[in-house]
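Multiple structures are listed underneath, in structure tokens.
There are two complexes below, and they share chain A, which is joined by chain B in the first and by chain C in the second.
Moving on to the complex of A and B:
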């Protein structure tokens, strides 16, 4: 019986925690349909005006296209690099491997603003700043470690005899890669694609520094906001949020689902 | 006389400074069931992996049907293996697992499907062909692994402790399946195990390895009745080992007094010999030769056989094995000493 009050308190605590995290997001979503210009209570009437305004915003459509292009390219590139790095770690023992892993996993620990400045300076040297491809390069540096971490986790769940077993049955290295390693890691590859796309899609600091005139959505949002308070930001935010949530949920369900079912799978 | 299918010629395997296999010579005959046995770290699995091409020998040559295998990639050899972990492909169903080797050999889809299903039927799991492998029981997965290795109709099958993960009753069942298959197919099985009962139950010949070397090769009977050295005698288990000094004329001075063995060693040299537990007898009074006074400690029943554990006066443990019926007829009294006896011809002199 003595546990009961503690449990009630814990539940209240978790409730408050979730409220604290999600209330602003829900508020933004609610106000995106509010006809009043300022976010005040009581609410005005229901409107989709801010969505229309955002949709016909001359800057927004190219930005959305940029964001999508960058997110897709970043996802493909960083998942490929992450996969090869994870497989190298799984398969080979070599001198300096610990250093290789630390360097590989380091980029996300660097403060974004430092990373953004460094990227800008570095890319300018090659006259490669201010282009869509610049954002892709910078985001790939940022995202590849996430992809590597996810795929590495999956490879560590693999029976170490699986690959030799395929060789033993007549599969060459490349055939084994295509028939065994990639099918086994497929859930983590898809998860890595979704997660890196989501990170890239949301990322602001690096994009703002290296994008030049090729703005992405987060950059445009900030520019709208610096001018005035405009509820169309709520509308854009709600759409961006839905896209990101969808990507992360897909990634999570793939990683979690497979982790549970591999216990008996070897 | 069956011709050797595989020849291991002075094969050495080093891992850095560690020598896992120290120059072994072995001929594996066509169609035999060969068990390779030894404690962990004796080099048995490394030897098997060299046959499969998963390790390359540091020195020496391995020939299959006269052709050297050294330098050939694993996927270019036809030496399928059944793994201790089974290593079934978890994202494929039972049939697709079995088809894998045929797919690699570019067999047509229809033909490989038929051959895979045939093999699953043959092993009694045809009805589970379309099941994901993680929904099969241990015994069923075992059979999938066997079918997957045998579907390409190899001349030799390598097995690396395939039954070690199974329950005891399933092990007995799978042993019967394996021996029957091997006889029917007439192909060579090389079976690595640390389990004496598995090796003795199935193998035509047994190789006993110790510290990277072959200690003895022989039939189960030869290994059991005539262990060549102390390691084999101890590893096989049901042996009493005696050490002493030769007095000449087959007499050996031991802590139990002078014992007589058949076989001669120069006077003054150290001698050790083993006597199998089932070749010892128990009596209430000492006999003329080779009687050792001891007290009964405990008994252990395995089926209709009983193993009796005695303690000699100096604290040495001695084992006697007999049918349960004979044991019931013995006038054994734990409060009194009895005498353990063996005939000189049943003493097996050991090399070291």
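Moving on to the complex of A and C:
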């Protein structure tokens, strides 16, 4: 055993770090039920007023619908593209593969505000900005790399002889894909769907630039924030946080659960 | 790997390659290349016209306020990177060397959650917590301290950057430390190297690549973020990201905003490449 005081100090330290990371998330939930307009200590009374205010906010319902449409479409599209890219990387060596992988993984390293401007310019060029589809197009670019990474991880756990074995037994490429590879990667596909939906659901910079009048929820939040402190945001924010946390937790459980089960199997 | 026997076109293989190339080519490479072209366009009566004009570059880079903002953004991002690296290290060190497998698994699980949950909502929560009459100042006043101005200061901006970068930095550093060969650490101890000295002489050099990658991500994230400097830092003076918004949103000056954006990309590439070159440099 190492020096006990160091361990205790490190334990306290990591507690503080987790407190820092989760303080805003917890605070958002607590403040959303707090009657004070400017929440402080001691806390005011319990209220659901901010939720009611948010619920009757005329801007919010269309925004919620837009957010859901965008998140769903983005999840489907980016998971499909991510899957094709991950499978290509798993199975094939070809000229220009490094370029292919860079193309697949680079988008998250470009700051969102830059992507937002570039996307606005590009889409306006084709009179394609200011629509819900514009947001889906942009979000798919940003989310596909995450889907690709998750599915690639799962393919890494697959026995490389499985596919050739199916071929030897007479299955065609497409039959093998449908009966071997897709079932094997299913948990990671669902995880990718959840995670990309979460990323899309929370993205605000690119949406703000390309959405025009078709705002999503994060864009509405951004616009409320530019005004005064409005506790409505805590109520909307709590719901948004719950949705994305749920999606991320489902995604993680699927990825982690499977990692463990194959870990014990092999 | 199943080798391809046939020389003829393998349609199956191609059909898996095409979606990414088409989509990211059209909507990732396309926009970025177009932004280069856009930086030479001119704006007449609030409408952008295709042209090849160096005016945007000369006007934008000729203004002292651009360079003030440029160096401010660089300093802030470097500051955030150093702070995040330092604050993350004790945690990742504990997770990798002292925590149980289960604890580490759960810690990483919990650290991934904030990275994918609304940054905007978390920043708003900080705004309320750090306000003049906020939770922290109310808590401090119980001890007769404060109130301290934390919003609209550099401190506020850094809190925002840490919120953005810290979880990711701890995760990446933990993975880097997990890759360190434990036998080398024990060997150092056996040869009489002190605990503290071992960290700097053995562990950190071995985990260097992962630490640099974590730091590069912090730099990229904080260099491009506009929410922390705007809502927690009061945007006084504006960072480059805020400058892009101001120029493009209010003035419709997309070409000039493109100049700022391209300067940011060049800077990011420069920083990232030199950092990676440093990380992979062979040890003497």
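Keep in mind that, in the parts below, the second predicted complex is superposed on the first by the 260 of 266 C-alpha atoms of A that agree within 3 Å, B and C clash if a C-alpha of one lies under 4 Å from a C-alpha of the other, contacts with A are read in each partner's own complex, and residues count from 1 in each chain.
By our rule, a contact is a pair of C-beta atoms (placed from the backbone, for glycine too) under 8 Å apart; a residue touches a chain by one contact, two chains touch by 3 or more.
If you're wondering where the values come from, they're calculated on a predicted model, not measured in any experiment.
Visitor: Using the touch definition from the top, say if A:112 reaches chain B (first), chain C (second), both or neither.
Guide: The answer is second: A:112 touches chain C but not chain B.
Visitor: Tell me which partner A:149 touches in the superposition: chain B (first), chain C (second), both or neither.
Guide: In the superposed model, A:149 contacts neither chain B nor chain C.
Visitor: With the two structures laid over each other on chain A, which partner does A:70 touch: chain B (first), chain C (second), both, or neither?
Guide: In the superposition, A:70 contacts neither chain B nor chain C.
Visitor: By residue count, is chain A touched more by chain B or by chain C?
Guide: C
Visitor: Does the superposition put A:233 against chain B (first), chain C (second), both, or neither?
Guide: Touch status of A:233: second partner only.
Visitor: According to the stated criteria, A:192 is in contact with first (chain B), second (chain C), both, or neither; which is it?
Guide: Once the two structures are laid over each other on A, A:192 reaches no partner at all.
Visitor: A:218 contacts which: chain B (first), chain C (second), both, neither?
Guide: After superposition on chain A, A:218 lies in contact with chain C alone.
Visitor: Does the superposition put A:162 against chain B (first), chain C (second), both, or neither?
Guide: first
Visitor: Contact-wise, after the overlay, does A:183 reach chain B, chain C, both or neither (first, second, both, neither)?
Guide: Touch partner of A:183: chain B, not chain C.
Visitor: By the touch definition above, which chain A residues appear in both interfaces, chain B in one complex and chain C in the other?
Guide: Dual-contact residues (chain A): 164, 167.
Visitor: Okay, in this complex, where on chain A does chain C touch?
Guide: Of all residues in chain A, those touching chain C are 2-3, 6-7, 10-11, 13-14, 17-18, 20-25, 27-28, 31, 38-42, 80-81, 84-85, 87-88, 91-94, 100, 103-104, 106-107, 109-115, 117-123, 125, 137-138, 140-141, 144, 148, 160, 163-164, 167, 173-174, 195, 198-199, 202, 204-205, 209, 218, 221-222, 225, 229, 233-234, 236-238, 240-241, 244-245, 247-249, 252, 256.
Visitor: For a test of understanding, state which residues of chain B touch chain A in their complex under the given definition.
Guide: Answer in residue numbers: 52-54, 73-75, 78-81, 83-91, 100-101, 104-105, 133-134, 148-149, 152.
Visitor: Mind pulling up the chain A residues that touch chain B in the complex?
Guide: Going through chain A, the ones touching chain B are 159, 161-162, 164-172, 175, 179-180, 183-184, 186, 261-262, 264-266.
Visitor: Over in the complex, which chain C residues touch chain A? Could you list them?
Guide: Touch residues, chain C against chain A: 1-2, 4, 12-13, 15-21, 23-25, 27-32, 34-35, 38, 87-88, 90-91, 93-95, 98, 105, 107, 109-114, 116-129, 131, 133-135, 137-139, 142, 162-163, 166-167, 170, 195, 220-221, 223-226, 231, 241, 244-245, 248, 254, 257-258, 261, 264-265, 268, 272.
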